[in-house]
Each structure stands twice: as structure tokens, then as C-alpha cells.
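Input: structures, listed below.
Shared chain: chain A. Partners: chain B in the first complex, chain C in the second.
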Partner chain A sequence: MIIDATLPPAAATRPVVTVDDVTVRFPLGQKRFLTAVDAVSLAVTQGETFGLIGESGSGKSTLGRSIVCLEKPTTGRVLHGEIDPYGLKSKALRLHRRQYQIIFQDPSAALDPRMTILKSVREPLDVLAEKPRRERDAIAMEMLERVGLDGGFADRYPHQLSGGQKQRACIARVLTLQPSLIVCDEAIAALDVSIQADILNLLADLQTEFGLTYFFISHDIGVVEHIADTVAVMYLGQIVEIAPAEVLADGYRHPYTEALLSAEPVALPSHMRSDRRIVLEGELPSPVKPPSGCRFRTRCRYATERCAAEAPPLRELAPGHRAACHYAETFRRDLQPQEVEA
Partner chain B sequence: MTDFIATPPSRQGLAGRMIGWIFSDLRVTICLGYLAMLVIVSIFAPLLTPFSPIEQSMDILMPPDAAHPLGTDDLGRDVFSRVVYGAPMSLYASFLAVGVGLVLGLPVGVLAGYLGGWVDAVVSRMIDTLLSFPGIILAVAVTGALGIGLTNAMISVGIVFSPNIARLIRIQTIVVKNELYVDAARTFGMSVPRIIIRHILPNAIQPIIVQVTLMLAVALLAEASLSFLGLGVQPPHPSWGQMLARGYSYMEIAPEQMYVPGIAILLTSLAFNGLGEALRSKLDPTRRPRG
Partner chain C sequence: MLSQASKPGPEAARLGAVRDRAVAGPAEPLLDIRGLGISFGRAASRTAVTRDISFAVEKGQCVGLVGESGCGKTVTGLALMGLLPLSGSHFDGEVLFRGENLLRLSERQWRSKRGRHIGMIFQEPMSALDPVFTIGEQISETLRAHFRINRKEARERAIDALAKVGIPDPSVRYEAYPHELSGGMRQRAMIAMAISCEPALLIADEPTTALDVTVQAQIMDVLADLNQRMGMAILFISHDLGLVSQACDRLVTMYAGEVVESGAIDDVLVEPRHPYTSGLLRSLPTFSPRKSRLPSIPGRVPKAGEFPHGCRFESRCAHARPRCRVPQPIHTLPTGAHVRCCRHEELDLPGVTQ
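Moving on to the complex of A and B:
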């Protein structure tokens, strides 16, 4: 099978993960399905931070889980390098998947409450137990130290740690495997704002030190813009825009991205803020029965009849910049030549 | 990041910690002390009793006196000797029934809960079927099939217990298997049996421990019922349940006949329950003081 032609031309480096036309559906009974991820294609290259943003319920966590083999795609393929992990036999998969790790949103739930921090951090190494226990302990302690938890935490239980400390322990735990890819599934969303910055900086430092690749899922466009190299915007199971982070901030080409960017808090008094905030009307439509045509049309202030009739394809507007909007080139007044304005 | 001074927990062995726990909690000390006493009494029964438990005499339904510290029963047998000889029977009966229940119920429940799908559907219907029988009827039927005797009676009580245990651990397994730390373990390439042993069982077992202590008490009473029906301990050998059942016949003329075995059953059940409750809070690390 040839990888979807809409993917960017072979990047300088090989993709660590290729998501090829992946759809994830959950059966609801009575022949109804919830389509959490709908025909998504993307590629994450070695060493980059790939940001994925979207509201709650847009399917971004499901996509992240399918990348680390926790959610089998209903159709389409996830490729790790050249390997299709879902095609592996269970034993081979267990060995293979160790290279693809995930950090969850809720660090309290991600650590077994009955295991000490050291035991939890050592767990990935215990699975194969290739090294003697003493050595595994040493590696775990080293990683704990590296993420800023001193030796005193080793014998503690998760409930004795703060949220940020627990998240550090989770990071140390995946680091013991030196994975090719780490999916950060809203990894900082549950933390205090001051701790969020600490963890973000830690993730950035670790990336430089170990050459990590992140698939960074967030609902906070500010965070993603800051940390990511490539940003994909997800709405109701589909990617509506994908662009290099530095392009997206000013050169966005999708009304949904515009709304997300305008919702970002600005540290200025209200009379000094330039543009009005765009408030999206209503709730995210049900992924069980998505709107016809463009999925965003029900909340889009630029929507026309064409949007209801015809689903916009994800079109390439510039190298590495794609958007799924019929009016991607024209909806932004601020980018139009003067005569159109007049 | 908030830093606090780390106090490393004392690095004593498991045995040391257990002993520390037993004596730090008065309830545990009393419950374990009582159960230990029962075990010792069971072992040294012949040395402690003035009479044989099956020796009859003409002094029937006597109140306590110097020769018979707890009086005599309707056949003139020494109640104290019978209670002491009944202790090992009752303990054996309780542990055997609960043990059988666990051995049958735990694996079935865990597998049904973890695998889900049609396995779960089939197992759940089987559990429902077993639960729809009145417990004692089922136990009588199974004992009838296995043959009469204390061991067979208690195996059948264990079979009656097993669907309860299976149902409880199934629900617990379903709850725990969706925890993120189980997902995390899967991404580390951990095999299913190992996930079950390392994460699911320790986190799912708590209500089972409490249930087991309750069942030990229920098994004591089930032993009494089955012995009453003549399916358990065979006369003239004593068991608490049998003594209670026998005393019941003389309730109107000698109500004190029921006190001794009844109180023995009550205290033993209480000790099991108290121990279970203490064990449950001990096993739950979130109940430990915060750092």
C-alpha cells in the first residue's frame, strides 16, 4: 500500500511514525458508531515535536493511543518506521512497542498506587529483566535524578507526591526505555500553571539531551505553539489544518484555527488587545452523527451553502501547510489586497 | 517544586514489619491473639480437657460445676471438652470452604473481567445460574453428590461461595483493567498474566479480603447448618455447629446449652472480621500518613 499522496514530500529525515488514513470507531450498539478519529494521515519526523491541538472530544487522545498501540485503528495503518505494529504477533509487539511510549494527562492514575516510585520507574526494565536488579535500580535512580526527583522519593508512594512530582516520575519511567517516540497526551494539562512551565522546560531539556521525538497533544494552542515544530489542528476526528508552528501563528488558513488562536489569553488590558475574541457558538457536534460537508460549518462564521454540501479536502496551500477549508485563501480579510477590502 | 525532607522508611524485614503492625493495633492484637489461642487449644486439646468429648454419663444438662466447668449436654457429655474438640473442626471447616471458594472463584472472575467479550458473557451467565440457587440447597445437593462428611460438606460450601467471589473480583478487575497504569504496563510490553499478577490482583483484591473474612464467619454457620442436617461432622464427634443445633432442641428447658457454642462461633466470626478490616486498611497505602 502506498502512503497517502497528501502527505508532505519525503522529509529530510525518515518519519518515526506515519499515520496513514487512520479511522477509529467505537461501537455504541444498535449499529451506531462513534467515529473518534476519521481518516487522519500525518507523519512525525525524527527529533521533532509534533503538536496536536483540539478541544475535548476531538479525538486527539484516541489518535495518540492508537500510535502507541493502545487503540487498534478500525481502518488505515499506523507505521512505526517501516513496521506495522498491529500486524506483529503478540510477543513481537510486546518487544517492539517499548520504543513507543506515552505520558498520560493524569499522573496520579498512571502510577500504580500500591507501588513505590522506584518500583514504578523500574517497571519497564523489570518487564524484560535483562539486567540484574541492582543495575535496574541504578538506572531508575539515575532517571529520577535526571527529572529532578532526589533519592528520597524512591521509597515513597504516589499519593505522597504532588501532581508535578508524579508527572516527573512518569517521565523518568518512560525515559528508562530511551524510546523513539513519546506521546505526551495532555501531559501538563492537569498541573498548576507554574508546574506546567517546569515540566515543559524539562521535556525540552530531555529532548536536547536524548534526541527525543514528541507527539505533543494539548488543547492549549499557546503551549503547542511554544514547544512544537509542526502543529496539527484537529476538529471532530479530522485534521483541519497542519503547518509548521511558526507559520501557523500568523498564517493560519482555517477558521477553526483562527478561533482557537483568538481564544488564547493575552497578557494585556482589554482596551489594548487588538482583535476581538471569536466565541464559538454551541457545543462540539456529536461524533456519532457529524454534520454534512465541512464538520466545522455549524460553528463557523464564514460558512456558506457550499460548506454544507461538500466536504473540503485537506489541501496543500504551501509546502508543509495544509488546510481543509473551501475558503482557505479568501476568508481572512486581513490578508486580502486592498481593493477587495474596498 | 515543593521539596520536603525525605524520611526513608525503616528498612526492616517483612517479619519485623508484621510484628510491629500486630502490636501497634490493639484490635489486631486481640483478634490474632484469640485466633492463636484457638489454634493452640486445637493442637493441645487432649491435654486441656478433663473428659473425652464423646464420653456419656448420667449427669445430663447439668449447670457448670467443679467437675464440668461448662456443664454437660443432653447425653451427659462435658461441654467444655466438646467445645475444645470442636475448635479444630470449625477452623478447618471455615478455611477449607473459603479456600475452595477462592481457588474456584478468583481465576474464573479475573479472566472473565479481564478478557471481557463472549468469555465474560458465558461466565457471567453461569455465575447468575449458580447464584439463583438458595445457597444451603445447593450445598446440600453438592454434598449429596460428593458424599457425607465434613470435608465434602465444606467443599460444597466452597462451591456455593465461589460465584460470589467470582462476581466480586470480576467487577473489580473490570474497574482496575481500565486504569492508566495498566495501559502504561501494556506499553512497556508486559504480558497479560504478569499484568494480572502485578497490577490487577493487588488493586482488585481488597474487597475480596473483606469478603473472605465475612465468608469465614458464614462458613462457620454453614458448617453448623450442614452438621444439623447430618451432612457434616458425624455424631458423636463434636463441632460447634452441631452442638448449637443440638442445644437448640433443648432451648426451652436448658437455654444455656446454646450459649457456649454460640459465643464461640460469635467470637471467632468477630475475630475474622476484625482481622479482615484491619488487614484492609493496612493493605491500602493511601491510608498511610501523607509525606
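Moving on to the complex of A and C:
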């Protein structure tokens, strides 16, 4: 909490993206729906890295896609600054959305195998066709160099590059449009650890240089804790906890966050590992028929009758820290004695 | 647990005798790999993929095999399982399983060994399971291929195996097709199939990579249970150092087709002796302050066929010296650990505790 005081108050920092009560629902036929994102609200501030974690099927990719205008919310609004991009006409949208880019998990699928790296990286500029060819080439080359792929790589094809190099090319491609926000959807999940470290370092450098904002989607809580300023935890389409990253590791207030943290395998010798290891039973319930009340209750070891009857709201527990649990203040026995002031 | 009583054979007697190296005694290790080299292609244009792989897996032990992709982990696992094509592959050295050299086995001899004494599980359960048979039928088939039992007995033992890996309602799930199960349940079904014959050694190749963390934790519990309660030895192939340190007794690091380090897991984590192991550990975000630059290993693993003559890690190593450009022998340390680095005595490399 002391760290919070040194930061400017939340109201003063401008949100790049505001997600306001967004629900994304997919029809399955026979009047059944899959609710991938359910009434999610959050704000991503300028220049920060917003981390989003959750299991597969929790709706984190759908939320990321709706932020970059790839998935229209069924209800609710996504705001880019003050602008509602889904309200724009197609031509205006095309000009607008260049500032909101996305990179994906599998760079091989994101690059056309028949295009040279230079052509792939230049393509967004070609589509816009605002600048002469020579200038477009120059920008693409500059961005390639910026991500550590100098000269020689421009004329190669994707199959001649390693996974890490391909992901660098994808990053160069989105940079050509000078975006203000980049959604990284499991952007490093398919890479080896040492390469992951490289890409994370690169993303951090680019953030400082270009003042980028990241919406970083990952299932790896260790990675998210390292690079994010704010972390949101998603479960079955809903945000169950959201907190400053430095608070979350020790100050988590939701049983699901606790389980995720304890399930993360840490490379420590046996005598230094904590015994606090919670293995959740079962798997993510179907988002077509989510449990009543609190959605996590079917796998929660602290669940009571109240959790089945009443859905817990996402409550503010401290500035910037919200959790959706009836027992957010009390479920952690390890915190009870010191819990006088908070 | 019913099946154990009806099952003869040496494994049954060893239940409960676990991990304790004193119990294992001075007898030969279960699996002893000595100088295994794997190359592909015809004699004239043969490409060596691995060379001089040596490590042992003792009874009831869990050994982790780590390294980046392209280091030869999976191909080593496949060789131990006799799954590399006999024509087109060339092997050097020997792989002793209970004293018998597996590299000498014919396809026919392999058929009675594979699945019976050595089992294997893979990363992608959907491609390892046959979509047109129920999981129960597939497990029964394995059992009936190795034991003289009738369908009813096979069914009982298959249900038993499903129960052992924590599948709820095993007799109902026996009738389920692979597509009816979730990813975690499919992985459990595949483990059930691999352990149905109670092999002494289980090779697990990235068994949880496709799964979510919470389901991964469940599968790791199943493997730990097999290891500790049934005394099944496990060769755990993974790129995830966190998982390996949680599950394994020993760690073997491979780089560009060679073993570069091996030792007791807790020792290696705290005091790695090879710059590559140290680099892998230090690049984990957990060990760097938040938002700081992560130490990474520059460059990438050389391709098979393009391995340098000297130390294969030299071009990426921060500690390289001119003398690293000669072929590196593997050194045995007083602790019984091994390291393939000529500078291992002078270097003080950071581990997880720095």
C-alpha cells in the first residue's frame, strides 16, 4: 500500500481503454448461449502493463479481442479514450483501430509463409497506402532493426526463422502502425524460457521507447507478476480479483487467486518450497451452464451455502484492489492476526 | 488396488519401497544409458542428433530431463521406448534396462517390452488415443496383449487403472470415447493406459504442457502418487524447470544433443555447475525483481548437423574462453554429479538463490 502513495491518483491518469460492463455472448442454437465474457468492467491506464490471467475457457482471449474491435460486445461498451470504436463507420474505424493492435500466441500462424519477413512487416502500411513505397520499406526496416532482426532477416521467409525470431517479426509488424495499445494474447507461451526472457525484455524496452500500453493475457502467473502493473484474474467470464501486481502475490483476496498462485510450480529446492499447495478439484465448469451464485464455489474449499445462493459482487477492499468473494476479508487464516488495520 | 493381489511378478512386492536409495542398494540401476548416440540417415549422409548421452534412472526414482526445444530430449525418450524406426536410425553406446541392452532388441522382442516394462505418455493425449475405441477398450487391449487374461479380467484391471489415476466413476468412464473427455481427463486416461501393465519405468514427455495450471497440478499429483506409492520410476521430460524441481530427485540437462550436467535436483538448483543450466534457471521471471531485465541466453540452439566442433554452448556462453573450442569431455564430480564444462572448477555460477 505504501507504493500506491507514490503513484499519481488513479483519477489523474488517463485510461486508454475503458471496458464498461461488457458481456460477450455466442449463440449455440436452440436458444442456448455461451457467455464468454460476463459483465466485465475495467480500465487500462496510459503506459501501464495490464495483466490478465485465467485458465483456458475463462474468456480472457474474447475480452482481449473485444478491446481491439475484433469481437463486438453483446451488451456494454468498450471505450478507446473517449471514443466508442464500435460506433464508428467502417472507414473511420479502419483509421482508428491502427492504434489498437494485437499479437498472438503462434507467430507461425500469424505470418504468411509465402511472404518475406519484410513484406509481412510492411503489409499494414501497404493496406493503408498513405506513404510511398520507399518510405514504407524504410519504416519496416527500421522496426525490424528495432526488434533485433537486422538487415539479413528482411528477405527471409518465416520457415527460416526460429519461433522467437518470428514473434519479433510479429511485434515489428504491429509497431509500424505506431499503436498506443498492444494486446499480447499468450504472446510468449509457445517459446522456450530463455527466449521468453528475451521477448519480455524487448517488450519492456519498446514500452519505454514508444510509451506503449500493454494488455497482457497469459496463463503464467509468474510472468504476469513480473511485467504487469495491474493484474486481473478471470474465472468463467468474470473478473474475480483485480489488484496492483506488487500487492497480489502476498495480498491476494480471492480463493481462486490463491489456488493459481499455489499451483504455479516454482524452481526451488525442496527445503525452500512452501507447503502451501492447493490442488483444485475438477475442472472449469461449462460456461454454457455456469454454477449459481459464485461461479468458483464448485471448486472452492471455503464455499458455504451463501456462495450458492448469492453471487458475490466485485468489491473494493483497498484502493485499486477489488475481489469478488463473500469472505475476501476472512478466508485467509494466515492473515488473521495482523488484520487489525487494513 | 484389487489387481495387485491377482498380479504376480516382481513389481507387486516392491510396493511401498520408494525413493529410499538405501533400499535400492548397490544393485545396478533400473535404466543405465551409456554413451547413447542417435543419428539418422544412411551411412554417407548420417546426421548425429545426440551423442554420448549417459545417465541412470534407479528403481523408484524420478529423473528430470530438461533443455530447450531442439536439444534432443524427445528423441532420447523415443529411443528408450524403441519408437525410432530401426531402418534409418543408427545407435551408438548402450541402453541397459535391468541389464539388458535395449538397442539390440528386434521389433518382435520390443513388442513384449514396450508398454509392459516401459510405458510412455505424451504431450497431446488426443493424438495418442484412438478416437474410434472407448478408452476402456484401449486399456484392455494393452492388458490382453501382455497378459494371458480374459476380457472380464482385463476390464476389471482397466477400471482399476482408471481409478488409480483419479478418474471419477471409472466403470462409467470405461465406456467413454476420447472426445467425450476433457483435456485433463484424457491425459489421465492416457496415463492409465501407460500404467495398466504396471511398468517399472514410465517415460513422461511434456505430459502437462497442453494443460492449465490447475489441471497440471492434478496430473503432477497423479504422477507423484505413482512414483511414491507404487515405486514406479519416472523419466520426466520437460522444459519447465519449476515442474521438474517439484517432481524429480535428479536433474539431467541436455544441450544440443549432449548431456551437459546431471546431479541431485536440490544441489543443481542451488549450485548449477554448467553455464547453460545456470542460464536456464536465471531466465525464470521468479528470480528477478519485478519489472527488471531478465537475464536471457543470447542466440539459439544449433541445429543437428551444424554442431560446433568444441563446446556446443560456447557461442552463447558468457564464460567462454579459447580453450572451450576443443571437444568437451564430461567430468565426474566427487558428489557423483556430472558436468561437461572445462571451466566448472573455477566458475561460481548463480543458481536459484543467487
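We take it that the second predicted complex is superposed on the first by the 326 of 342 C-alpha atoms of A that agree within 3 Å, B and C clash if a C-alpha of one lies under 4 Å from a C-alpha of the other, contacts with A are read in each partner's own complex, and residues count from 1 in each chain.
Here is the rule we use: contacts are C-beta pairs under 8 Å (C-beta built on N, C-alpha and C of every residue); 3 or more make two chains touch, one makes a residue touch a chain.
Please read these numbers as outputs of a predicted model, since none were measured by experiment.
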item	value
Partner chain in contact with A:30 - chain B first, chain C second, else both or neither	neither
Which superposed partner A:162 touches (first chain B, second chain C, both, neither)	both
Partner chain(s) touched by A:208 [first = chain B, second = chain C, both, neither]	neither
Partner chain in contact with A:56 - chain B first, chain C second, else both or neither	second
Chain B versus chain C as contact partner of A:269, first or second or both or neither	second
Partner chain in contact with A:198 - chain B first, chain C second, else both or neither	both
Partner chain(s) touched by A:111 [first = chain B, second = chain C, both, neither]	first
Chain B and chain C footprints on chain A, overlapping residues	162, 164, 195, 198
Partner chain A, residues of chain C touching it in the complex	68-69, 182, 184-185, 212-218, 220-221, 239-246, 265-266, 269-270, 279-281, 283-286, 288, 290-291, 293-298, 300, 352-353
Contacting residues of chain A [partner chain B, same complex]	65, 68-70, 93-98, 100-102, 104, 106, 109-114, 120, 123-124, 127-128, 148, 150-153, 155-157, 159-162, 164-165, 170, 173, 177, 195, 198
Chain A partner contacts - residues on chain B that touch it in the complex	1-2, 5-9, 179-181, 183-191, 194, 199, 202-203, 285-286, 288, 290-291
Contacting residues of chain A [partner chain C, same complex]	55-56, 162, 164, 192-198, 200-201, 204, 219-223, 225-227, 245-246, 259-260, 263-273, 277, 279-281, 283-284
